[in-house]
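Shared between the two complexes below is chain A, which has chain B as its partner in the first and chain C in the second.
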Partner chain A sequence: MSRLFVARNPRVAARSLDGEMMIMSGRDSTLFTLNKTATILWQAADGATPLDQIVEQRICAEFEVEPAQAQQDAETLARELASHEILQISEQPIAPVASNVSGESR
Partner chain B sequence: MSGLLEEMTRRALARNIPLSVQLDLTYRCNERCVHCYLDHDDHGEMTTAEIKHLLKEMADAGVFILTLSGGEIFLRKDFFELLEYARRELTFCVKLKTNAVMIREREAARIRDLGVQSIQISIYSHRPEVHDAITLVPGSLKRSLDAIRFLKSQGLRVVMANVLMTHNMHDYNGVRALAEEMGVESTLDPTITPMMDGDRSVLSLNVDQSVMHQVFRDKGLIGDVEEFCAVQAPPDENALENLPCSAGHTTCYVSPYGDVYPCVQFPYTTGNVRQQRFLDIWRDSEQMNEVRAIRLKHLTGCSSCVHGGSCSRCPGLAFMEGNMLGPSTQDCEKSFARTGVPSVNLQAKRSAAAGAMPSSLPHSNLIQIRPVTEMARASA
Partner chain C sequence: MPQSAAEVDRLILVIEIGGMPVRVNTTDPEFLRMLQDRYAGFVSSSERVEAEFDVELTRPTFADAGESVRVTHRQGRWSLRRGDFQAEWDPTTRQGWIRQTANPYSIDAALRIVHTLLLARQGGLLLHSASAIRNGKAFLFAGVSGAGKTTISRLAPPDATLLTDEISYVRQLDTGYVAFGTPFTGELAKLGENVSAPVAALYLLVQGPENRIDPVAPGEAARSLLANVLFFAQDEQLVQAAFHSAFEFVSRVPVSRLTFVPDARVWELIR
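And then the complex of A and B:
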C-alpha cells in the first residue's frame, strides 16, 4: 500500500484561537475551525512526514485509539481537508513552497 | 459576517484577543486625494525589521485578519517582503487597501501566489475627469481599472471602495455599474473624516442632507428601503450594556510610526510598539482599557436617543469632535437623513442655535423639525 503525504496549503490563512485552529480557505474565503485531532494533523502536515507516521507518533500518542481505525479516520479527514484546499495530499513527499521572505523586494 | 466568523469574534472578545488589526505601512502616497485625512510626509516609518518584529508579536497575540493599508502600500520598497512574511511565515488572513496604480500583471500574479484574501481599491467615479480630479493625478482611474483587470484575471477578490463627497455625488451608481460590469464588489462610504491631526476643514466635502437622503433611499444600495429607514425602538436596558463598536475590543490600528490606536478613525494613542510589546499595549494600556470600558449607557445623549440602538455612531469621530463619550454629529446627520427624525444631539444643537438653553437634553417631540421629505415637498 502506498504512503500518503500531507502538507498545509500555503494559500490558506490560519490561527489558533482558544485551542482551535481557524482556517480560511484561499479558494473562496470560507472559514473553517479544526477540532483537536484535525489541528494536530494540520500542524504536523509538513509534506515530508508520511500520514501513517503522523498518526502513530502524534495522534495515537495523544488519544486512546486503535491504530488501524485512527489511520483510516485520519486519511478520511485528510481527504476532506484536501477537498476544501486546506491540505495538499500526495503519494510523494510534497516540497515546501520556495520563500523570498528575506530576499526580493520591489 | 459569516456565522462562524461571528462565533470566532465572540470568542476573541471573551478572551480579549485582537482578532483583526489594520497596519498602515506608510502615509506616503502617489495620489493627493482631496478628502484624505493624512499628511503624506514620512515622519519616521518603521523599518522592515521593526515591522517584521511587530507582525510576529501580532501573530503571537492571536491576530488573524491583517489589513495592510496606507498611504500607498506599494510605495514601500519592502512591501512584498513584508507581505510574504505575513502570509508564508505567519499565515495571516491578509487584506490590502490600495489605489492600485502600481499593480501590473507581475504584481497581480505575486499577490495571487501569496494568497491575499482581498484587495480593496479606491474608485471615486466611473468618469476619469471626476476620479482624477479627486486623486489629483491625471490617468489614475485608467491605471486603477487596469490593475483591477490584472487582479481579476488572477482570480482575486477585488472590492471597489467609493467615498461619497461633493465632487462625485452624482457618480455612485456609475461606480456600482462599473463594478458589476467588471465582476467585482463595491462599497460606498458616505462619510468624510477629519484629518488625523484634527483639522476639520476637509469636512466641507461632505454631501448635504438631500444627497444623503437620496442615497439612503436607493434600493440598489440599501436593499429594503422601508426597513432601513424605519425608526427603530430606542435602546432597552440590555442594549444599553452593548459595546459602541469593535474598536479596542477585537480590533485595533497601528500607524507607520508604531502608534497603536483603537481604530484608524480613532486617533487616541494607547501606546507605541517601538517602546512596548504589542500585547502589553493591547492588554494593559490605560487608554485602551478606557475605551474598552465604554458601554452605550455611558454615552452622553446617545443613551437616551431614539437612534441609540440603531445609529452607526463612530466613537472615533466622536473623539475627534472632542468627546469620545459624546455624539458623532456626522452620524447623527446620517440617522436624520435615514429616518427623518433628529437625534437628541441634533435637537440640542438646533435648540442652542435658536438661543434656547435646555436644562437637559430634550425629548424628540419638543422641537419641530420637519422630515427631509416634507422639506423637499415644501420647497418644490
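And then the complex of A and C:
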C-alpha cells in the first residue's frame, strides 16, 4: 500500500487564534476554519511525515478512535483540504517551501 | 478653495484621503470641477503623493458600472478593470492612468481600489463599516448591507463626528490604529469629515429588541472583520497581507457585538 504525504500549501495565509485555525485561500480569498482534527493534520503536514504516522502519533494519541477508521477519515479530510488547495498531497515526500503560517494572535 | 489646493490652471487635483494624497491630472475643466465638488473637504495641496493618475476621458457608452471589478498584478503593474473604466498603476513609479467617461463614480471606484492597494502595504484596511469620532475616540460599526450602518450614522448625536456611513479608512500608525474620514458614502450620501482619531472599538451591528453590547470571541471577531474587509485584487500576496492585517487588528482593538433598536439611545452606550 502506498503511503500518503501531506504538506501545507504555502500559497495560503493561516493564523491560529485562541486555538482556532483559520486559513484563507490566496487564490480566491475563501476563508476556512479548521476543526480540532483538521488543525492537528494541518499543523503536522510537513511534507516529510507520512499521513499514517501523523494519524498514529498525533490523532490517535489525542482522540479515542479506532486506527483504521482514523486513517480513512484522515485521508478523506486530506483530500478535501487538497481540493480547496489548502494542503498538497502526494505519494512522495513533498519538499518544504516557505509558508505563510503565523502563530497565535492572542 | 485656496489656490494651492487645486491648481485649476494646470488641471491638477490632489485628493487626500486617510493622509494618502493621490494626484489626478485631467485636460477637461468640467471634469476637474466635478471632482472638486465630489471631493470637497478632501482636496489637498500636498506636493508628495502616493499615486498619480492621468485621466483620459472617453465618449459615453453603455458600459455597466455594476459589472464586477477585476484587479490583477502583472509585471509590476496593477491593472484595474470594470465595465465603466480601465486603469493601470505602477506602485514603483507611483504613476498610472484611468480611462473612463466624465462621471464621478468610475474614478471613485478606482480610488477605492488604489487605496486598498496602498493600505495593504502598510497594515491598513478599508472596511465595510460606518465610523464616527466621539470624545476623541473613533468607533467603527461594521455590518453587511442592511445591518444598520446608515441607521446608526443617521442617529449620531451632535457631539459625534461622522467619518463615513459606508467605508471606513483604518491605518496602522506607530501610535496604533487610526480611523480617518472618507468621502466614500453609502445611503446617507453625506461625505465624512476629513478628520481622524485612534480606533477605540469595532462594533458588529445587529438590529434587535434592545440596546446592548456583548463580547465577541476572537475567532468570530476575525471572521467578521475579514467578511467586511474590502479587497478586490486577485493577488495572493495582497490577500495574505489583508488576512494578517485583520488578525493584527483584532488582537489590538476590542471587537464587540452591538445590538440596537433604531433610536438615538444606542449612542448612550458609545462613548
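Here is the rule we go by: the second predicted complex is superposed on the first by the 97 of 106 C-alpha atoms of A that agree within 3 Å, B and C clash if a C-alpha of one lies under 4 Å from a C-alpha of the other, contacts with A are read in each partner's own complex, and residues count from 1 in each chain.
One rule holds for everything that comes next: contacts are C-beta pairs under 8 Å (C-beta built on N, C-alpha and C of every residue); 3 or more make two chains touch, one makes a residue touch a chain.
None of the values given here were measured: they were computed from a predicted structure.
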Message: So in the superposed three-chain picture, is A:Ala68 touching just chain B, just chain C, both, or none of them (first/second/both/neither)?
response: neither
Partner touching more residues of chain A, chain B vs chain C, is chain B
In chain A, both chain B and chain C touch residues 11-13, 15, 17-18, 22, 24, 26, 29, 31, 33, 100, 102, 105-106
Note: in the complex, chain A contacts chain C through residues 11-13, 15, 17-18, 20, 22, 24-29, 31, 33, 100, 102, 105-106
Chain A partner, complex, touching residues on chain C are 217-219, 222-223, 226-227, 231, 234-237, 239-240, 243-244, 247-248, 250-251
Listed in rising order, chain B residues that touch chain A in their complex are 2, 4-5, 8, 11-12, 15, 17, 19, 59, 62-64, 74, 77-81, 84-85, 87-89, 91-94, 115, 117-118, 157
As the complex stands, chain A meets chain B at residues 10-18, 22, 24, 26, 29-33, 97, 99-106
